[in-house]
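Structures follow.
Below are two complexes that have chain A in common, paired first with chain B and then with chain C.
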Partner chain A sequence: MRRLHVDLRSGLALVGTLLALLSIAFVVPIVTALLYGGEDLWVFVVSMVGTAGFGLLLRRLDPNPTPGAREAFFVVAFTWLFAAIFGALPYVLAGTGAIAHPVNALFESMSGFTTTGATVMETISVEEHSHAIMLWRQLTQWLGGMGIIVLAVAILSQLAVGGAQLMEAETPGPGVSKLTPHIAETARVLWLAYIGFTLVYIALLYGLHLTGYAPEMDAYNAIAHGFTTLPTGGFSPEADSMAAFSPAVQWLVIPFMFIAGVNFVLWWHMLAGDRTALLDDTEFRFYLGAVTAMTLVLAAVLAVTASDVGPETGLESSLRHAAFQVVSLTNSTGYASVDFDGWSGPAKALLLFVMFLGGSTGSTGGGIKMLRWLVILKSLRREVFTSIHPEAVRPVRMNGQVLDEDAIRGIYAFTLLYVAIFLVGILLLAVDTARIGYDIGTIDLVSASIATLGNIGPGFGVVGPMAGYGDFPESSKLLMILYMWIGRLELFPVLVLLTRAYWRS
Partner chain B sequence: MRVIVVGAGEVGRSIAANLESSHDVVVVDRDGETVEELTYALDVLAIQGDGTKLETLRQAGLDDAGLVIACTDDDESNVVICGAAKANGDTFTIARVRRRTLLETWTGSEGAFGVDFMVCTDLLTAQTIFRISGLPAAHDVKMFAGGLVRMAEFEIGPNSPVAGQTVQEADQYDSLTFAALFREDRMIVATGDTHIRSGDRVVVIGSPDSVTGFADDIVCTHDTDADEVVIVGASEIGFQTAREFEEHGFNPRLIEQDHDRARECAEALPNTMVMENDATDAEFLAREHVDEADIVVAALDGDEKNLLVSLLARRLGVDRTVAVIENLEYAELFETVGIDVAINPREVTAEEIIRFTRNDHTEKIAMVEHDRAEVIEIEVGPESVLAGREIATATNDLPDGVVIGAISRGGRLVTPRGTTVVRPGDHVIVFVDSAVLDEVSRVI
Partner chain C sequence: MRRLHVDLRSGLALVGTLLALLSIAFVVPIVTALLYGGEDLWVFVVSMVGTAGFGLLLRRLDPNPTPGAREAFFVVAFTWLFAAIFGALPYVLAGTGAIAHPVNALFESMSGFTTTGATVMETISVEEHSHAIMLWRQLTQWLGGMGIIVLAVAILSQLAVGGAQLMEAETPGPGVSKLTPHIAETARVLWLAYIGFTLVYIALLYGLHLTGYAPEMDAYNAIAHGFTTLPTGGFSPEADSMAAFSPAVQWLVIPFMFIAGVNFVLWWHMLAGDRTALLDDTEFRFYLGAVTAMTLVLAAVLAVTASDVGPETGLESSLRHAAFQVVSLTNSTGYASVDFDGWSGPAKALLLFVMFLGGSTGSTGGGIKMLRWLVILKSLRREVFTSIHPEAVRPVRMNGQVLDEDAIRGIYAFTLLYVAIFLVGILLLAVDTARIGYDIGTIDLVSASIATLGNIGPGFGVVGPMAGYGDFPESSKLLMILYMWIGRLELFPVLVLLTRAYWRS
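Moving on to the complex of A and B:
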């Protein structure tokens, strides 16, 4: 047998280091458990020790790991897989409800870390599950939002050199932009902006509670939702998602979901004093324009189809629900301010459309992303132009910068592959559900494929915002776990691991 | 004054020939035959040697030289020669370069490389081509004092809010000076109660922000489709010409045969339509309606090709053809066979350096309205009529047709008002009627 050309020991050792680092996160549910009478305390202590122990054990494979460019894919993909596996431990150990089953637990955990927000829980409530478990579920999304690797690069000095490579493989969108000469500083800057927004958001949510605009938004809920909005996550400890809260809360959530879908590099420039950074950015304008346009179209459709928008009626509520759902599903958050599954066909078709857009590059959102669509539109326009003037040489520009033709080809390839994987997902889910005779609608299947691949969360019908993925056969759940995984890492870091060429020379 | 000219190519030779009667000219060249020939052809001292060697420069009389002109065909050598001359003597240095990036670096960092004045051959040629193209610019923008100050010329449309206002009413900007108005072919120096009419061209000087703000406010609508410019050949001159037209609000077309060069130009020129084809392909020219162009500039490498392209354009019915000619002797010949203008880059460069040398080292930053007036940047010396005086009183001693547009003091912009006191060492950006230019550069 020929030798592997991937330094497995080095890679695994680094994965181990990252896992050990991640185990620190269990402190949050441990503290929560202590605050709420010690329920499930042992679960998290065991999980923490288990994760840290396994991580440190892996780390001993190579005391001084020096993973190269090739190992980067491996390290990133497996860090996420292991994070999901160990993140599932508490669900299994706690042994409550559907998520006690290992496959369901892994589904819930992967859905958390990848900020998908798809759930297999039967009863979403702090009555059924402990406060600690429900908060852990929220926290996984917050950790996954800005990225485990980015966090590690920010903290671990040993990643100073290879860090850029790792971040590149993890960060949504093509390319990583270094803000500072040191990659660790860039990673810190991104996390600081992320933490800053989260804190402000939690404070505002709780502020609404204190001023009486949001009776249900107590400190626990404010923190829990603070953990899942900025990462475009979508988990909520409330079964009714955001529909459980007052209009004031929903109006506050909309801008913060929007913020989460913007490139965090731009926020950093804004905070650093460059006031025009946002509006100067083509992708941001495109994102803003797309969201605004779709909101207006959806609001109009809701008005015309006279669909049952929600419990309330009137202009304010249809505008609010249109904006909420459009922002939430465009950038892959997956909150719902109303059970949109009850909307008319045309309204749901619009929502399905925006699911394919995605957030901005460098944001915490999933999906195909605004930048890619923008590049595709621009290069298609060039195709039209050069068919009229065959000799014209037209570079495609983005923000005044010329885009490399290879980069454009890469974007085409990514988008096509993404759509292909989405279509194959429909096929596989259809066959698998038919196999066990599970009664599921067409749009339900279609939306399940994109909602997991795009890290969105809710779809329509059986996977609607107030329903879940619990009734799928286990084989389908495993497929969707894979989809969430490759979707979060933007296909290639995981897919290359499946090729022979990666492992051999 | 002793003038050392390094490099006896066409540029050096024309400069030497022009200055031989009024100055003591020493020419340095590496080629023995050229030196030999020059000794008899011109009334100058010709020395054989490498100008980048200090010894050679000393031999040429660097110690008491008042001016060193480095005009070899190599950019780096020219810069090195100037740097060495500056470090070893109190002399004024002029460098000729081809690459625009060097010029930009020099402009952005005052006194860099020990060069006092830099002439960029390709840019100068491009500017000359643009100027003689005779197309009306929507806005003529020039930057100086290292980008701190901007001069711009705008045409006032009938719907412009400032049409009908006086200069005083229109001047709503902190750091903007109205220099002059051009009405048909009259020039009017702007005073507070001058009325602005539609159709006037106004010249303003000020900070980049205020000039841009003014441009936005007066809403100059320029029909870019009206003037079709076609440049054939993306040689460095062709590229700079396209850029020059682009900077003046045109959308030129640039035809280049080489794939990589075409792509490179397309990347650098966002408002130029670059086409990859052979410009002698008549079918292609007809399909792209090159015959409707107002002007065709032939800037290929090779005089013969430029002749061919120009003649082809002429036959297609193009109004005006300009050809770049390297060989001086061809120029006249070209013009007799029907090409409107033949431009020789070396000649243009030599003229610029000679003009600069003659004009007492004032830098001609911008020509306004094709030579009617100029905007110049002058450092105020202690003897100047401006030094230590308020502008309102000092201007009495200046001839008519002079407006102080801006003052650059230690890297900061000072907007001149009546009570502003000019200090020695300030750089003043002055709008000057060409008729009084000599007088002004003498007294300031």
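Moving on to the complex of A and C:
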């Protein structure tokens, strides 16, 4: 082991500790199973014991793990991978439906922990699957969201890859060389906001139910959707996603989806008393502006082609569905208020466009993200200027600060890598589906690549919001598991593990 | 005028000189009209006189124009714009079919001079339009190709935008501060190769006709297609493009399309006796490798789904259509050997993928181009490495030379700008088509954006190889005219003209 420059023992021990902590989460489906007649109770007990046991075993590799920045890549990548693997246990053990197959189970679990929300289930219903299984599926996204906030704010900023060092100035607490104390401190304050929003949201959803505005939104559904909105997850125990609920519910979901796409550090500043923290932030204004503008454009498009919207028509309906889908697909939530796959080509093209935007940095949203686009646009403006004045030195500023040129280069590299991986995804999925003669549309393949890499979930056609990824060959599913994993961890933590340099030099 | 920092007089005078030279090209349709009974003869005489007159008038602004690097942006952008405008005159004056409408005429003419090959014609036939008109349409692409070679090799490399300075080392002749002498020298040697290939190609096409392998490839068709292959243009006087011709013709077209996508500086080196110039060049090997690999992949996909290929089946047919479409859409030619819009979703997804590649730098091909992708891939590898070793200094090399970091940044910026403009194109086309209730598919919109920006021509659905852009609203057509123009000139020459800094500071 001495030839390795990575402290494997320390890293694996930390992964083990995190897995052992994760195993506590099985309490939720266990309680659920007890409430609903004990169905699948043993499944979760076994999963809990297995996860805790494996985690504690790993932990014994190093009783006092102190991983450094180098190990962070490894810890991040393997925590998500092991969480997905052990989170898939209940699906396999319960043995019900398509997700009993190991590849499908891993797909569904990775889709959960990465808050993607892509599904391979054939029947999404508490009739076919137990309440406990369906709630576990929701919970994986909420847990994934907790991890992402910490990853985005505390860890990636330390690794300074893909321009993430821009986040550094904004993180609460002093920067420290070892990751663990910094993570603990940051996690505590940001999780307060995350948990607070979740509780308020569940209460409001259930409030709509109690006041008669949401007959279908019972306590189970309120909790289930409470688990998948703040993490921009998008899983629903209803096959029709948010189309199964009343307009009142849909109007309530929109602002909470929006909240989930905001940098949680800003929420922390707001809660700490800085009332202008949101509007002072350039990225927030860009996010708000983009979502508002695209909503108005899509609403206009839907109003012109009223038949697209669904059973209802009229301005309210156009506006609601436009705002819902724009927010949902911009910040990678993936909920649907209507089967938007039935919309006109131009309306769907607008949705495809927003899929490339992504949430804010420091949010639970996936994708390229607002800050990166903003830096790219500012720096491209500079590039045009310097092509006229090659001698000019003109820094790029954000929130009044001059941006480091290395960070700009990191953002350029991240975005190009993202686009390249997206394009290669189209290529690989096309070849693999053709291999088994799977009849799939071109736009379906395009959307499947961006919807998995961007942790969005639904796309168009066979991967539309009321459909799923079940019919893809297993090799495609494995590729998309990789894509969800790579995309969620912002590419570099997984990619560096594939290099010799990481392990040997 | 003294407040301007751009020497407008000098620039416009040079544009005028080039327009006056362009007017000589009308001799070709005039001779054609005389050969075919004089139809539309007056149209071309008037166009020739008008173009020459306007050009000579502009030229009087400055009898001895000496534009510098600053004016080069202006000269390049306006030469193409004026060429498109005066090249549209014959369509309007002839008054036949859809292209008699000014917007359509400008679209068809810009599509010609930018070697895009997108068409708004309703009936592509020498029955509806005169032989002279149809040959002028072909000739605009050949003339555009001549301009592009000079633009790509001699001008853009001097402007050092979008990483074009990488070309500088390879250009024949010494670098000089004033553009004109350098252009003249470079143009001479590269045009020799361009004209030589065209003549050999026409001779071989007609040879196939004389030997009975290509009944439809008469002298008119051989010349017409000779005008649109080396410039990666893709216009054809046949509505069915290359599907109207025999397999023998298609097999001959493939290598000449491939040649058109190679850096013409390499052909110059080869003709000058350096027999290994091609294979010594990294970009050429990358181009050859990409096209070969994608051909094999697509042929396999087509062989699995044999019904896709068309009336014929079998290995030869799969391989021919695969090679044809891959070369044609990779380097932006846009010819079709079969209506590939009828192919399966996966097969079309492969074609969409190659549309993002582009030809080689210094070729007549459009798009992002091989060299940029190669530099991006090499530099992303470096980025992954330095994310592990932040202290490491590791230059990116190409053909054994260390690349300038500014050039790499320029390539990053170019490619991101390209992707951003492509995405915004989807958005704008979607809104504009929805406005008039045009029933168009999502993938049609996606492909229309890349096919015009990338100067490819055909895409999928309503813009498929056997269809066209005629049904778009005029506003969309104007947008796509802009996209063809911007894309062809490698973004910056047009974009800088839109900034205050170019004109005032």
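By definition in this document, the second predicted complex is superposed on the first by the 464 of 505 C-alpha atoms of A that agree within 3 Å, B and C clash if a C-alpha of one lies under 4 Å from a C-alpha of the other, contacts with A are read in each partner's own complex, and residues count from 1 in each chain.
Heads up, the rule we're going with is that contacts are C-beta pairs under 8 Å (C-beta built on N, C-alpha and C of every residue); 3 or more make two chains touch, one makes a residue touch a chain.
Since we're looking at a predicted model, the values are computed, not measured.
**Student:** Scan A:His389 for contacts with chain B and chain C and give back first, second, both or neither.
**Tutor:** It touches chain B and chain C both.
**Student:** Could you look at A:Leu34 and tell me whether it touches chain B, chain C, both or neither (first, second, both, neither)?
**Tutor:** Neither partner.
**Student:** Can A:Asp444 be said to touch chain B (first), chain C (second), both, or neither?
**Tutor:** It touches chain C, and chain B stays clear.
**Student:** Would you sort A:Ala272 into first (chain B), second (chain C), both or neither based on which partner it touches?
**Tutor:** neither
**Student:** Between chain B (first) and chain C (second), which does A:Ala501 come into contact with in this model arrangement: first, second, both, or neither?
**Tutor:** In the superposition, A:Ala501 contacts chain C only.
**Student:** Is A:Leu210 in contact with chain B, with chain C, with both, or with neither (first, second, both, neither)?
**Tutor:** So A:Leu210 meets neither chain B nor chain C here.
**Student:** More residues of chain A in touch with chain C or with chain B?
**Tutor:** C
**Student:** With both complexes overlaid on chain A, does A:Leu416 touch chain B (first), chain C (second), both or neither?
**Tutor:** Touch partner of A:Leu416: chain C, not chain B.
**Student:** On chain A, which stretch or stretches are contacted by chain B in one complex as well as by chain C in the other?
**Tutor:** The answer is residues 389 of chain A.
**Student:** State the interface residues of chain A toward chain B in the complex, per the touch definition above.
**Tutor:** Touching chain B: residues 389, 391-395, 397, 400, 402 of chain A.
**Student:** For a test of understanding, state which residues of chain C touch chain A in their complex under the given definition.
**Tutor:** Listed in rising order, the residues are 70, 73, 159-161, 297, 300-301, 304-305, 344-350, 352-353, 356, 376-377, 379-380, 383-385, 387-390, 409-410, 412-413, 415-417, 419-420, 423, 426-427, 429-431, 433-435, 437-446, 460, 492, 495-496, 499, 501-502, 505.
**Student:** Which of the residues in chain B come into contact with chain A in the complex?
**Tutor:** Those in contact with chain A are residues 255-256, 262-263, 265-267, 270, 273-277, 284, 288.
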